[in-house]
Each structure stands twice: as structure tokens, then as C-alpha cells.
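There are two complexes below, and they share chain A, which is joined by chain B in the first and by chain C in the second.
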Partner chain A sequence: MLIALPEILTLALALLVLIVDLCFEKRVWVSMSVSLLGLGAILIVLLNMADTPDQSAFYGHYQFDQVALLLKASTILLTMIAIVYAYSYLSHSAAFSETEDMFRGEYFTLIILALLGMMVLISSGSMITAYLGLEMSSLTLYGLVAWNKRHFISSEASVKYFVLGSIASGLLLYGMSLVYGATGTLLLNDITFDIQQSGNLLLFGLVFMLVGISFKLGVIPFHMWLPDVYHGAPIVVTTFLSSVAKVAMFGLLFRLWAESIEESHQQTDMMLKIIALGSIVLGNVVAIAQKNIRRLLAYSSIAHMGFVVLGVLVASEEGYSSALFYVIIYALMSLGVFALLSFFLFKNREINELEELKGLGYRYPWQGFLLLVLMFSLASIPPTAGFYAKLLVLQSVIGADLIIEAVIALIFSVIGSFYYLRVVRYMYFDKTSNNEDLTFVLSQKGWNSTDRIIMLILSGNILLLILLGIYPTPLIEWSVAAMLY
Partner chain B sequence: MSLPILSLLLWSPALCALLVMLCSRFSAITAQWVGLLGSVAIFALSMVLYVDFDITTAQMQFVEKIAWIPAFNIHYYLGVDGISLPLILLSTFITILSIASSWRSVKKNLPQYIALFLLLESFILGVFMALDAILYYVFWEALLIPMFLIIGIWGGERRVYASVKFFLFTFFGSIFMLVAFIYMYYIGGSFEIIDMHLLPLEFTEQGWIFWAFFLAFAVKIPMVPVHTWLPDAHVEAPTAGSVILAAILLKMGGYGFIRFSLPIVPDAAAYFDWVVVLLSLIAVVYIGFIALVQKDMKKIIAYSSISHMGFVTLGFFVIYAMPLNVSASVLALEGGVVQMISHGFISAALFLCIGVLYDRMHSRNIDDYGGVATVMPAFGFFAVLFAMSNSGLPGTSGFVGEFMVILAALQANVWWALIAGLTLIIGAAYTLWMVKRVFYGKPIAEKVLTLQDLHWIEKSVFIALAFCIVLFGFWPDPLVDVMHASIANLFELATSTKISN
Partner chain C sequence: MVELIDVLIFSALLLMIGIGGIFLNRKNLIIILLCIELILLAVNTNFIAFAYFLNDLNGQIFVFFILTVAAAEAAIGLAILLLLFRNKGSLAVDDISELKG
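Now for the complex of A and B:
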């Protein structure tokens, strides 16, 4: 049962952080350090398992393979970075207007519990485990979205997220029960989806499952919650939600959908095609109209997830590995962009409108440069990592002879690049007198050493995108190797 | 193992840009000098290529090949032949001039400006050196970033509109090329351009690939009707930005046609040649007339660029109208390349002239000028020389390329040659009329009387350009000799069918 060791340790860590937080209530840095050290140790344990052959445990309800390894390693690593950012943001938050008492150690417990749910989800071998993991992470995320508890928009977003998320979970569960009825098993490896033979019951169940998955992934037509939650949640939570959670939700898509459907079927293909292309079209077009940068990034996330689904649609090893690579790169970009934005304040509150970024490039040259890199990476212009993500997906899509789909996706990503350029435009092209209202939290009171370290991590996070843009080979090889099972 | 000279040349501008940024933290002047001297050193390095280049072979030379993304058989694969070498030299040369010319005219964030130009140079060299399609595409796209920033940050009034339009047009064109590359990878299993040259393709496939390439390169070069980004970008870009745009970036479209379209899809190119020829002739004549009525000097030169690039595409595609006439076809192809190089010098020179006036008067409007030559005699001399070569005066490089293309077109179709020959009249009309209104006559505005003649930096830039224009006008051999073997090889590839039966 040792293949579940990372999850067992994560659960232990969550409880430990809870106790530590009780003892050191006023010293949040202790909880933060314990969480970081613990997660680091778990990451090492996990990476030591790299040579373990694929196997399952708990009567097949739980499985370990190379995909799980890569996904878990990246979620843990991304969570660690997100914790560092969150600590810094929360520690400064007392000075912001519109926030209240956000600097508390429970934050890290919740994050670790969410991570635990995601890890279970990634390693799930049966529909029940997948559902358990999903609910565990979702419930903690609902709580995290309302972290700024007295803030109206934050609470509204949380309720919206909770209600809609519960409906989606319900639909997913209902779909699972139908699939169980049609196939007689819960284990993903045993399920052979032969739609022609099993008939409509199975297809019916699959549709419900796909609805649930699409909701969690945030693709059309179940994307409505995304902009509200991205906008309403405290921006550190959005950082977590838009990066780590996306990687885990790819795990959901991969386990429940990709892995159990061995061959592509006409009906299921059509659904995925509509979801993928629809997300790319809608995400990119609607984002153009946004004035709020967080809503803009939410729609951009819809479009990016459309590309991930496009990779999964191909249903080949190549397609899955390209989607895997895409989602990891996207998580890195998203983590960077929301973290960077979280450290900017406009009139002492979180940044919201695009216009508030005016003159950023001149007032804060280095931060401006970092945001520039992120924008071009999100627009997938080389030499940034975003380009290779798109290249790999396109390669698998064209390889499957879906050339029209590839062209549609590309045309709309060109249209999409417009709004990323608009961010650059606000930062650099508008000649304004110095934008005094815009402040960078970390340097607000001069640089102290913690702030310096955090800035260094943030810069490293973002410069990694250029590094991977020049030499993406290791990560590509890893994603390709993970799918060769 | 020998010295990887191409990598050295490719990455030294980027490193130099980094150095400039580092120096700018301490002293702006040092940073400027580092940038200028760096670009001169890079030009010197590129001359080494010219000296060591073997003109007898069409093989790729100075080849470097390292596995880059083995999972998809993508290589870091560089090489130079007789077609890319002149363009590489042109790029390194023009970069020096654009940096030197911004010395006095750019007031805001000059070190960053210079660094962006050096970065741009790296990407441009990458486009001309890459022999792997994905590597090529990476550089091709990457150079949009510095150019976008140059137009957007240092540009004129409508810079936001112009920069975004430039970016979206070019980006839109090039995605289809990427799809074509990936498609060919699935057929041939290789991203190497030389393998693609030999890849057998059916006619329908060729047709699709041809149009994919056509969109990418026609936007870049630019051809009618996708040329509309160019006047905007040129007018709004700062002087040095216009120089690079006209002198080098447009050439990437022409380079694309002869590196990709002709050799990879010869049958489709032969079938659709009339489209390109027609659009080229429209560009030559119709755009020439549009240039005639412009009031903004930069717009005149921008439209003149489109019109002149029409000659390049005409030269490349006229060969299909005379499949048996080898010498005329080679002449046409060479004429196209010579025209690209020569237009690089001339358009750069003219944009710099306008930059000189704009720095002093802050106006590009012809009506604001008159009699400039009386107060700026040295400047007047250079400006008239460049204007003459733009209208194709014999003895300047502008004549050589046009003459070669017209001569070849004459053997394909008399009417084409006649229409193309009209440019000698229209071109002369809009250029010389502009010169007349700006430089001669009585000074209308009082401000003109106070103009200072050329600064020594400006003077040396103009001398360098005038030297090149006159040199290649009288003696184009150094240029033609270099490309001869490669052009012959290109002709071979472009006229042999790829359809299996």
C-alpha cells in the first residue's frame, strides 16, 4: 500500500499544520514553514518512487503510474510556490482596504487539504475514488474563495461557486451511477466503453459525466462560474484555483474520460469537439470585451482549457502527452500572472481594471518586463513556453487529420492575442503621468529580506517560461514518456 | 571541431542587448556606445562569413546541427547559402545604421531602444539561418515582439493602432504556415527544410500548402490586398523602426517565397503563378499611383516599398511563364534577390532622410517644406541621390534589379514587361515630385531657414548607404556571384515536378 504514501503524508501534514497553527496563532510564519518543509519532504518521497512500476492498490480503487507521478509532482511543486506567494500576500493584507483578518494559519491547512483531494483524484482507479478526491478539493476551495469573509463580492463568489459546483458534482455522480448500471463496474480499468453494444444508457451516463468534468475544468457551456469566481475570490485564492486546480482537473478528465475510453467514438468525439472548439472561440472572443483583468484572464483560461480538451480529443498517446504538457505550462503561466498581479495595489486595494495598469512598465520596469513575458507566453508567441504547448497540441491534432479544427483553433488564438497585447499596451504604450496610485506591495516599505526572496521566486517562476521557451526538451520528454504505458 | 560561427553570429546581438541593458543601469552613454560598437563588431563577424563563403556550391555552408526536441525530430539546425548570405549581411549592416541614426533622434529610453534593435537583429538572423522549419518559425514569430514594442513605445500619434495591426496581420498570416509545416512533418517525418524540398507531394496537397505559405509571405512582403498594415506601421514607427521594417522585415517575405514556396510546392506554384504575377503587377502600378497622391512623406516611401516589392515577387514567379528558358529564369530570380538587397539600402536611406527632416521640423507633411536644399546643401545632395536610385536611375543599385526582372519578363510576356516597366515612370514621378516639393523652390516656412545641416553621425550613415547604392549600381558582381550557384539550384528545384506519376 506504500504507493499511497504521499497522500498519507499529506493528510498527516494537514493535521500537523492545524495543530501547529493552534500553538503559534500569532506567528503565521511557523505554519507556513511547516507546510513548506512538509510538502518538500513529500515531493522528495514522491520523486523517489519514480522507478516504481505501474501498480494499483485498494482492490484497484487506487493506482500509481507515470502520469500520476508527473501530475502529482507538479501539483505539489506549484502548491509550494503558491504557498510562498500566499504567505507574502496575506502578511501584507492587513494594510489593504476591503480586507479583514486574512492573515491566519488555517489558510495553509485548507490549501494542503485541497492538495490532498487533488492527489487522490489524480491517482484514482475507480469512479468512487475520483469523486471522493474531487469533492474533498472542491469543498476546501469553496471555503478558500470566501477567505475574505466579510467582503461582499468574495462571499457572493463563494456561494455561486458552491451552488453551481454542487450541482455539477451531483450530475457527475448521477452519470457515474448510470455508467455503473450499464457496465457493472466502478473500476476505470475494467470499464470497456463499447457504446455500440451497451446502447443509450451508457451514452446517457457519459454525457452526465462529461457535464460534471466540463464544469470542474471550466470549459463551455459550463464556464459561467469562472469569471465570477476569479473576480470575486481573494486574488491569492485565484492564483491557486487557476494553476494547481487546473492541473488536477486535467487529472479528472484524463482518468474518468481519456483513460476509460480506449478508442474514440463518433458520439463522444463530437461532444469533445464542440466543447474544445467552443471554449477556444468563446473564451477568446469574449475576453476581448473585458475591462477587468481578472475576468479577462478567466476567459483566457477557458480558451486555454479548450486547447487541453483538444489534445485529449485526439485520444492518442501523443494527444494526451500534449494536453499534459499544455496544462503544466498553463499552470506555470497562470501562477505567475496572478501572483504578480496580487502584489500590485491600486489605491490600496486589489487590482481589478485593466486601466489601473497604466504606466506600470515605467514605474516598475522589472515587474513590467515580467508581465510582458507572461502576456506573450499566454499569447503563445515564441520564444516562450506557451508556444511549445500550443505547438504540441497542434501537432497531435494535425496528426489525427483534424486540420480544420487546428485551423479554427489557431485563428481564434490569433484573435485572442489581441487582448494580451492590450495589457502590454496599457503597461507601456499609454503615455501617462506617473501612475501614483499603483503600488507594488513588496517594495512599498522598502525591500526587506523576505520580500526579496519572494521577488526572486516570482522572477524565477516567470523566467522559467523563457528558459522552457528556449529549451523545452526535458519537460516535453517527460510528458511524452509518462504517456507511454 | 571548427568554430560555430553561425551560432556566434546569431546570439551575439542578443548578448550585446543584454550587455546594453546592464550598462544602462550605470550610464546611458556607455550603454549606447556598447550597442553601437557591438553592432559594428557583429557586422565585422558577418563579413567573415562572406570571406569564407564558397561561391561554387549550392550546398548549405557553415552547417550546425544539434538535436533540440528529439521527441518530434526538431533540430537546432543552421546553415547559409548564396540566397541567405546577402540578406544576413544586409541585416547586420542596416542594424548599425539604425542604431547610429537613433543616437540623436530618440530622446526617451535610448538604451532600451538600442537593446530591442539588437534583439531584433538576433531574431532576423535566425530567420535567415534556420534550416529547421520549427526553428525558423520560432524566430519568425519571435521578432514580432521587439518590433511591436518599438512601434508601440517609440511610435507616433496612432502607434497603438499601428502596432497592434502590424502584430495581428503578421501573426494571422503565419499560423497557416505553421499548420503546413506540421502537415508536412506527418508526411515526411522531418522538419528539415532541405528534406521538405525533396518531399513528394500530390497536387491537391501542394495547392493547400501553397496558399498557406502564400498567406504568410504575402502579408510579410506585403502584397496587395494584404498590404494595409504597412503604411500604418511605417508612418507610426520611429525612424529606425521604419528602416528595419522596410529594409529587412519585408525581405523575409521574399526570402520565404524562394526558400519555401518555390522549392517545396513547385507544381502548385506553377499552377497559381498567374495570381502572384497579377498581384505583383497591380502592386507595381496601382500602388505606384496611390503613392503619387500621398501628402505624408513616410507614406510615399511606404507605398513605394510595396510597389518595389512587387518586382521581387514578379521576378520569382515569372519563371513559370517560360519553363524552357533557363537563362532568363535565372536572370529573373537573381533580379528578384538583387532588388531585395538594393531596396534594403534605398528604402533605409529614404526613411533616414525623412527622419532627419522630422527630427528638426517634427512634421512629415510635404506642404510644410520647400527649399530645404538651400539651407541644407549636403543633405540635399544625398536626398536627391537616394531619390534618383529609388526611381531606378542607371548607375544606382535600384536600376540593376528592376532591369534584370524587366528583361526576363520581356521574354515571358511582353505585356507584363511593359506594365512592369511603367514603374520607371510612376516611380520617378512620385519620388522626384516629392523631392521637388520638399527640397527645391523657395522656403515657405520660416522654420525651414533655421535648419541645421547634417551632423557627422548622420553624414557618415548617409555616406555608407550612398557608397553601397552606387557600388552595386556599377558593379553588382560581388552580389550576383555569391548567389549564382544557389539560384541555379533553386531553379532546378522550382521547375522539377513533385507529382509522382
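Now for the complex of A and C:
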């Protein structure tokens, strides 16, 4: 059986959507349905490969294993959900102020191409495929961030993302070239990162590689693009960027870093430790000062990614599987919160400031409740899945005798719950003004069946977080089994 | 005779010129595109030098991929700059400061 079949089908689907878009230019929903159906079929093909043993193809440049399967299945599923959420925002976008009509068929082609890049990245067996996958997803994302063509903020965010992203790719490549020089191979499985033996050249290359990886993950000290891009991009693109891309970037960290370095080493451990704890501290503290909810969520994402790196730092099966579980749960939360915000308009434009959420809980009780659940989950309050994810990571960190690190992470995530709860305060405890400017996109022209289905999926996504908080065993078992394989 | 270390120093200098150019330049965004190309060329030099001295073709093959991706990257970068110029009417680095906080 072709083990690269999901990638091949994804490429074919991207081209198909492009042609379909050409034929049905005025009826964009056709391209959307084709891409959704295609992605569903690819997901089924992928899940049918669950019993395939680990193997590699293309002379070792592509590898298939259980981690790749789990990561790819979750990226495809999250992409499908993100496309459904994007529908209502994009199809109404012609009526918003500050935007033009963003409902064009190329959007789905670009999303699928970005997904293809991420899938290649997740399955990469050599530095060539890792780089190509990374660039394929980055280049399409640069374009997607500028999707709102007439709006200055969107193109400014895109320029910043492009320049900083290119520098990061350059540094990652420079690191790869040094690692290649020190080890003499490009295949990740052949690279034995024996730092004592290969000396400083390898360590030098690894530092550059870590710079590139941490940039793409969005952790300190290379996080500066994140708030700007989250703020400037159209909010549906932010939804995609903050959920699907994070799962894929965990794949990058896992392939290029975690899997290649067999034994933990003092110097590399120190770098990861600084990155992880620095992100948790900075993300949670700086988010308190934010008035813009999208920048707030960007800093919260920095803090959450810090936890993922903390799980990887432990460098045991337990640590990796907890990081894997964490990143999937985080992607679900992030998808839900940005999608929910994308359905609200303030004075007929996207939600930006925290104050614009005043009285939301009374005007829209159910949506307010969903946002409440999301905020509780992001703040890791039981019984939500966010709590369980953080618990697992901290458990593995304590299991590796890193007590001080666990205490710091815990203290700052408690500090972090302040700003999540502040969102809840704006929603429920600020009755000063009846916020007439706040409207809900889906109910603007009365509820039709598509809107109902989208709302149902969104509710399901968010209630899944409670369900996974009460009964997380299947997903945990899956991520543990993937790492043990 | 050119040794490996000479080529490495040359490519490190190229890399530093590239990164320095990005951070010191306050005038024009196009210069940033040039600097990104410089960084990628430094990487290519590195790969070719290692491939030559290790007697291994893989590094040179990687260079072809990097060249292709660099072309795509330049195309996308120029398109984004075009968009920015249409919306703002200027390509000065100091002018793109709307997003902050």
C-alpha cells in the first residue's frame, strides 16, 4: 500500500478545488463542499492505515509512524472544522465595514495547500522534506494573512510575518547545513546527535535549528510576530493559524529535535528549559496588560506553547505523549475561541477590544456560556480538558525530578487565569451599558439551516472540551500508544 | 588551496551581512528581500562546501530545493509588498507601525 497516499490525495484535491473554483466562480459554496468532502475522504483513507506498521518511503525521506498518523488525523479534522467555521464569516464579509468580499474559492485551495505542507512536515524523514513542508505551509500562510486585500492592517501583518518567517527559515536552514556538515547525512533517522563526539560544530548548528523551530512554534525569544499576526490577519485565518498550524509545528519540534536527540544533554536541555519557562512567564504576565482580545489570546498561546516545550523537555515517552495531548487539546480550544469570536461583530466589524464583549453573556446566553467554557478551559480549571492537559505535563515534569520548573510553571499559570477570568467578568458582570453594537453574524438575517449546523458544530467542539476533561482516557491512550510504538 | 574553514567563514560573513542588513535597514522593504536572499545564499554555500568536502551529493541536491523555494519566496514577498504599497503608498520600514501593544 502507498503510505504517502494521504499527501498525494491532498495535492490532487488542491488542484481539483482550483479547477472547480474556475468552473463555479460565482458559487463559492461548491468549492467549499468539494474541499470538505475531499478532506473527509482523505481522513478516512488515513484512518484506514492505522494498522500499517512503521515504515519509510522515498529512500527514507518520508516516514510513516503512529505519531504521524495521530498528528495528521488531527490536522485534517481541525482543518475541516476550520473551513466550516470560516464559511459564515467569509460569506457575510462583503457586508462588514473595513473588509471587502473575502468569499473566494482560492481560500480553500490555499488552506488545503497549507495542510499539505503540514502533512509533509509531520511525516518528514529528512531535513529536505522537513524544510519543504515547512516552507509550503509558511508560504501559503503568508498569503492567507493578507487575505483582506484592501485593509492596511492585514497587509502589514502579512509583511511582518513574511519578513520574520523568512529570517527564521534562513536560520533553520543554516543550522541544518551545519548539522549536515557535522554528521554527513540529511536523514533524521541516521543522525546520531552525539554532541560529545561531534564537538562544537554540531552544537552550533543545533542552536540555529532551535532558533528556527522556536520561531515557528511562537515561543520566546522569537514570539514578536505572534500578537501582530493574530491581530492583523482576518480572524478566520487566525483561527486556522492558531490551531492547525500549532499541531503541525509540534510535528516540526518532534521530528527535528525530540526524535533526533537520543540522550538528553546538559546544554540542549538548558536551552529548552529557558525557552519553556520563559514563554510561560512572559506569555502569562504580558497578557495581563493587553486590552485587545486577539493580542491577549496570542500571548496566551505563547504560554501554552511553553507548556508543550516543557513536555518535550522531559524527553521520555511520558513527556512526549503529554506534550502531544496538550497540543491537540490546545488546538481544539484555540479553534473554538477564535471561531466564536469570528461570529461576533462590533459596529459591523471584527471584535478587537476586550470592552466590546461587555454584556455578551446576557445578550447571547448560549454563546456566552460557550465562551465561558472556553475561558475556563484555557485557564485550566477542572472539569475541562485544559486542566487535564496541564496536569499530565506537570506530572511528567515532576516525574523527571524537575520540581523547580514545575513550581514556576504552576505559579505563572495561576497568575494567567486572571486575564481569562477578566474576559468572563466583561461578559457577565459589566451591566453598565446594554451593548447594542454587538451583533451575532449567524442570526443577522434570521437563522437558516446552514447557520444552525455551524452553531451545532461549534457547540459540539466546545462541549467536547468538557467531555474530554471528564473522560480523557481514549485520547490519552492514543497519544501514549503513538509514542510507545 | 581553499580549506573548508575558509568557505565556512565566508558563508558566516554572508549570513551576518544578511541579518545585519535586515535589522539596520530603515528605508526600504525591498532591501529586506535582498537580505533574505543573501541568507539563503550563505546556506547554499555552506551546503556545497560540506557536500564537496564530505564527498556526498545529498547536500548539493538540497541546494537545488533551496534555490527553488527561494524563488517562490521572493515571488510571494514581492506580491505582499505590492499589496502593502497599494494600501499605504510607501515601502518605508518606519511606516509599518500600526500594529503594536
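In the analysis below, the second predicted complex is superposed on the first by the 483 of 485 C-alpha atoms of A that agree within 3 Å, B and C clash if a C-alpha of one lies under 4 Å from a C-alpha of the other, contacts with A are read in each partner's own complex, and residues count from 1 in each chain.
To be clear about the criterion, contacts are C-beta pairs under 8 Å (C-beta built on N, C-alpha and C of every residue); 3 or more make two chains touch, one makes a residue touch a chain.
Owing to the predicted nature of the structure, the values given are computational and were not obtained by experimental measurement.
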Partner chain(s) touched by A:M49 [first = chain B, second = chain C, both, neither]: neither
First, second, both or neither for A:G143, with chain B first and chain C second: second
Which superposed partner A:L463 touches (first chain B, second chain C, both, neither): neither
Which superposed partner A:V407 touches (first chain B, second chain C, both, neither): first
Contact breadth on chain A, by residue count: chain C or chain B: C
Touching partner for A:V424 - first (chain B), second (chain C), both, neither: first
Which of chain B and chain C A:L5 touches, first, second, both or neither: neither
Chain C-touching residues of chain A, taken from the complex the two chains share: 127-128, 131-132, 135, 139, 142-143, 146, 149-153, 155-160, 162-163, 166-167, 169-171, 173-174, 176-178, 180-181, 184-186, 227-228, 231-232, 290-292, 295
Chain B to chain A touching residues, read off their complex: 68-72, 134, 137-139, 141-142, 144-145, 148-149, 152-153, 159-160, 163-164, 167-168, 171-172, 175-176, 178-179, 182-183, 185-186
In the complex, chain C residues that touch chain A: 8, 15, 18-19, 22, 29, 32, 36, 39-40, 42-43, 46-47, 49-50, 54, 56, 58-59, 61-62, 65-66, 69, 72-73, 76-77, 79-81, 83-84, 87-88, 96, 98-101
Touching residues on chain A, where the partner in the complex is chain B: 376, 381-383, 387-388, 391-392, 394-395, 398-399, 403, 406-407, 410-411, 413-414, 417-418, 421-422, 424-425, 428-430, 471-473, 476-477, 480
